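Next up, some structures in structure tokens.
In the two complexes that follow, chain A is the common piece, with chain B as its partner first and chain C second.
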Partner chain A sequence: MKLYVKARSSYRSDLEEISIKKELKQKYKLDTRRKDDFIHAGILGALRLQEQSEVHSCDELYLTSGVGNCNIVQTAKESVYDNKEIMKLFDFINILGNTTSFYVAKALGITAKSLFQISDNFTYFHSLINIYASLQHSKNEAVFGAIDVVSEDISIIKRVLGVEASVSVVSSVCYQKLSLQNKDAQAELEFDTIFYSLDEVLAIIKEEDIQVICSQRCRALEGVKPLVFFETYGASVVNELIEKQENALFIECYNEKYKILKIRAKV
Partner chain B sequence: MANILKTSFLSSQGDKLSTLNAVKSAEIEVQTREVLAIEGEVKIPYYSFQVRVEDTQSAIYKVLRKQVASVIQELTAAQRAETILLVGTSIIDWNIADAIESTKELYASKKLSIDSYAKELSEEFGLNGYTLTINTACTSSANALLEANNMIDAGVYKRTVVIGCEIFSHIMSSGFNAMQLLSSSTLKPFDKERDGMVLGEGLVAFLLSCEESPWEIKGGFSNCNGVNITAVSPEGDEFCEVMEKAMASAHITQEQVTALKAHATGTPSNDLSEINAISKVFSSDVKFTALKPYLGHTVGACGLLEMALFMECVDDGFVPKTLGFEQGENENYSPMLENMACKEGTFMMNYFGFGGNNTSVIIQKKQV
Partner chain C sequence: MRAFINSYESQSCVGDTKSLMSAIYEKRSAISIDNSYMSDTPVGLGMMEYEDFFVSLNAVVSKVLADSNLENFKNTLLIVGSSVGGMAESESHYFKDKNYKNIDPSRHAISVIEESLQKEFHFCGVRSISTACTSSANAFLLAKRLINVAAYENVLVVGADALCYTTVCGFYALSVLSSKICTPFSEGREGMNVAEAIAAVLVQNRQTEESIELCGVGASSDAYHMTNPDPEAGGAVASMSKALEDAGLEAEQIDYVNAHGTGTQANDNVEALAVEKLFNGVSVSSTKAITGHTLGAAGALEAIISCESIKQGKIPPQTNMQTQENNNINIPLNVVTQKINYVVSNSFAFGGNNTSVIFGGLK
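So, the complex of A and B:
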């Protein structure tokens, strides 16, 4: 299966020191009321993508996340279960996953399909497969956003992610405009449905002879690994490789199952 | 397009057979639950499971497990290994809540998310390992079904289990109550006197594949188009779009729709938009019904639960009448007041929810 990246946008909290809310208000003149940090992050990434590429109303929107909106679940739990209070109306609305996709769709002018979806350990890979299958059916293009926002209490997101206390967890928002057509593409993404074993991965690495980038979960593999962690790291790798115009294999792992994404961004 | 091989469900009226019997007799049990309101705890009508399922991870997993087991029991190990699992739900992610609560250092253990139910079910039953959980409010499981259909149609996977899940939640119930969307009495879809929805619980599993089955997914369409986060326009043009594009994807016209299952929440605004949309897309002889008076509004599960019940009724030879309707706002478009004899045909299933998500699915029962 192949998808082509037509445009991309990135935000990483460890690489940019900005107030997302202020950026939305001042640069994009956006009304930030009634929305929380997770939604703001999703909208910022989308608007940055729109600066790079035309987004059509018929483009399909797919948003994914490693864990979703932690802060709003915490707010809901504390008000309803701990304090026996009614949630604020907009906190209740914001707890629905598709509230984020609604505001992102509105910001982009998309009126077609819009999904908020999570796949536990391979959320970026599995969303790519879903997008590929859907585009085969609709022949449209897709806007794909991967949103990870750290919780106000950093220990919470580390427990949800199951990473060690010493790991540096950051917020990341990466968008890609995806198509089945390679015309004007910035990169080609090639992937499959196979869960590979370590031995199979090692054999592929040997055969391919290109740089290998791994997520921090790939403990048994040698290769470029990030110093920080977020679940949708694959989305960030794709955008970075496009920036550098490089090719690579990106490898993700969980429970000794591996997924491989071939990224060709070299001109 | 994929075929629907098996369904299994649990509703407030019991299992598949008990629910069918309740529909046939029109004897529907509705309980009450207490929810938080400004004035303290208030009782609301609620379609609860007969045996209470707690809103906890372990309780939810246990009941989901039973539905999945029911639809995959005849699959061989090899077939299971090529079966993926998709979930549509709007339940709160208690995996996150537990991490918030935890005083332990659970680092470097399991990664958790709302999709963890699917991941664990997939591992327990030896399924493929591809899982995906979709949350688009009331359209969640209908959208999961369409995505599953796309994967089979594109030849990416051979077989898919799709789950819909909704369990009583204080957060959801008090939220809808605060929005003044809940009825204080009974569901009255499309009726002039309707005063809101009655929430309910539902668990449902579908097995889809290309293998022969009397039931086929013929097409569908989903959009994200609302005037605001909670509503579409009163004219219902956003609903018209999904119905028309769903029929186009199934290569049918409105005359070929044997019957339509409306979303019909019983709220003044949603029903108004929907009846206006139906009147624009269909001629006045369209047969349509609402199933929420039998099941309650099961939010994330309603996409599959209402479809499964509808299929069960047609397999039994009828399309059920709409309970709770007396007089509507559009005299030319009234839901069915009597059961309609029906053993086969092409049917439209509509789901219109929060977040601008609207979905229409076309299913067909072929002549056997």
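So, the complex of A and C:
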């Protein structure tokens, strides 16, 4: 299976010191009321993508996240049970995953389908497979957004994600415009539905002889590993490789099963 | 590659699938009026009987496996649709402790359902979709696309949502709850009944004599308002039209529309208008006066109702109709016995997230 990246946008809290809310208000003149940090982050990434590439109303929207909108769940519970208030209307609405996709669809003018998928393993791979299957049918292009926003209580997120306490968990928003067509593509992504064993992965690495980038979960593998973690790290790797115009194998692991993404971004 | 439904089972406030269909055809609602969530305000809810939601979840999926041709789920992808996942369990910890310290994050998130099933049944892969009331309908959309491109041979779609304070109080805050059994498509309707359910449907690339075909799927975004649908019904018409196009069918070939029909003012107005615009006299009814609105499970539960109506050749009547609001659509008040070739099942969610799925009997 192959998909082509036509455009991209990135935001990482450890690389860029901005107030997302302020950026949305000042630069994009957006009404930020009633939305929370997670939704703001999703909209920022989408608008940055739109600056790079035209988004059509028939483009399909896929948003994904490792742990979803954790903060709003905590806020909603506190208002109801600590403060003895009725659940606030917008707290409830913002808990729902499709609220984020609604705001993003509205910001981009997308009227085709929109999906919000949460997964705490192989999140980026799952989305690529889903998008590939869907675009084979529709022949349209897809806007993909990976949103991971760090909660105030990072220890909970680390427990959910199963990463070591010493690893720094950061917020990240990566968008990509994906297509089945390679015309004007910035990168080619090759992937499959197979789960590989460690031995198989090692054999593939030896055979391919290109740089290997692993997620923090690939403890048994040697290769470039990030000092930070977020569930949709694979999307960020792709955007960085496009920036550097490099090729690589990205390897993700969960429960001793591996998945491999071949990224060709070298001109 | 075509996609076929070969095995399914459900558990809702009505009971299992057999009890569900009996209740639908006998117009026997299982909604109860409850004061336990909000002491001052009675609301109609669809409450299942169970000690542990996850035990019931495993039982439903075990039944689907037992009824299938599969020995195990090792070559099967699991796609879960849920709106709130493990929220009910987290709430119970919070009530007890008044803090989050004892909440097990692995049993809180939307993906807790897939993880729980994965531990028990060892699927070849898992996905969770959370698009509120279209969650499991969107799971069918993905299942069909993935089978179409031969990415997987078998996909198990599971819709599951348990009642919790977050949803009951949240919908109350939106002023869309009914204090009695909901009255879809009736004039002066009060609102919806929040409910819980588990529904599991095995979709395969393999056809049997008993198969129902997953013929078409369509989806759209209104991008109009965060809770209200587009009043011109553009999104609802688009999702049904795309499903028809995907199935290669004309509107006249559809025998029954299993409506989303929540009983809220906004949904039923717009859905009735969409059916009026697209179809000419097709039978349409909502089964939510029987089951309540099972949120993320609704798409899968109503897929089973659609499959059963095709198999039994009986169109579900509208239960609890008072005075029909839109008289330009055909809502049967009694069971209609006829050959049913194709059924459209609608699921619509906040933010104008619309999904329509078409099921067909094999000729």
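One rule holds in what follows: the second predicted complex is superposed on the first by the 260 of 267 C-alpha atoms of A that agree within 3 Å, B and C clash if a C-alpha of one lies under 4 Å from a C-alpha of the other, contacts with A are read in each partner's own complex, and residues count from 1 in each chain.
Just so we're on the same page, contacts are C-beta pairs under 8 Å (C-beta built on N, C-alpha and C of every residue); 3 or more make two chains touch, one makes a residue touch a chain.
Just so it is clear, the structure is predicted and the values come from calculations on it, not from any experiment.
After superposition onto chain A, partners chain B and chain C are found to clash with each other.
Once the two complexes are overlaid on the shared chain, A:Q136 sits against chain B and chain C alike. In the superposition on chain A, A:A165 makes contact with chain B only, while chain C stays out of contact range.
Once the two complexes are overlaid on the shared chain, A:T99 sits against chain B and chain C alike.
In the overlay built on the shared chain, the residue A:Y254 is in contact with chain B alone; chain C does not reach it. Judged by the touch definition given at the top, the superposed model places A:G45 against neither chain B nor chain C. Once chain A of one complex is fitted onto chain A of the other, the partner contacts of A:G109 are limited to chain C, with no touch recorded for chain B.
In the superposed pair of complexes, A:G145 makes contact with neither chain B nor chain C.
Of the two partner chains, neither chain B nor chain C is touched by A:G234. The contact surfaces that chain B and chain C form on chain A in the two complexes overlap at residues 1, 61, 67-68, 73-74, 76-77, 80-81, 86-87, 89, 92-93, 95-99, 101-103, 105-106, 110-120, 126, 129-130, 132-134, 136-137, 153, 156, 159-160, 193, 195. Within the complex, the chain C residues that touch chain A are 83-84, 87, 90-91, 94-95, 98, 100, 103, 105-106, 108-111, 114-115, 124-132, 134, 138, 141-142, 145-146, 148-149, 151-152, 165-166, 169-174, 219-224, 226-227, 234-235, 238, 246, 349-353, 355. Against chain A, in their complex, chain B makes its touches with residues 36-38, 90, 92-93, 95-97, 99-102, 105-116, 118-119, 128-137, 143, 147, 150-151, 153-154, 156-157, 170-171, 174-175, 178-179, 222-226, 229-230, 354-357. Those residues of chain A lying in contact with chain C across their complex are 1, 34, 61, 67-68, 73-74, 76-77, 80-82, 86-89, 92-93, 95-99, 101-103, 105-106, 109-120, 122, 126, 129-130, 132-134, 136-137, 153, 156-157, 159-160, 193, 195.
Those residues of chain A lying in contact with chain B across their complex are 1, 61, 66-68, 70, 73-74, 76-77, 80-81, 84-87, 89, 92-93, 95-99, 101-103, 105-106, 110-121, 123, 126-127, 129-130, 132-134, 136-137, 153, 156, 158-165, 167, 193, 195, 231, 254, 257.
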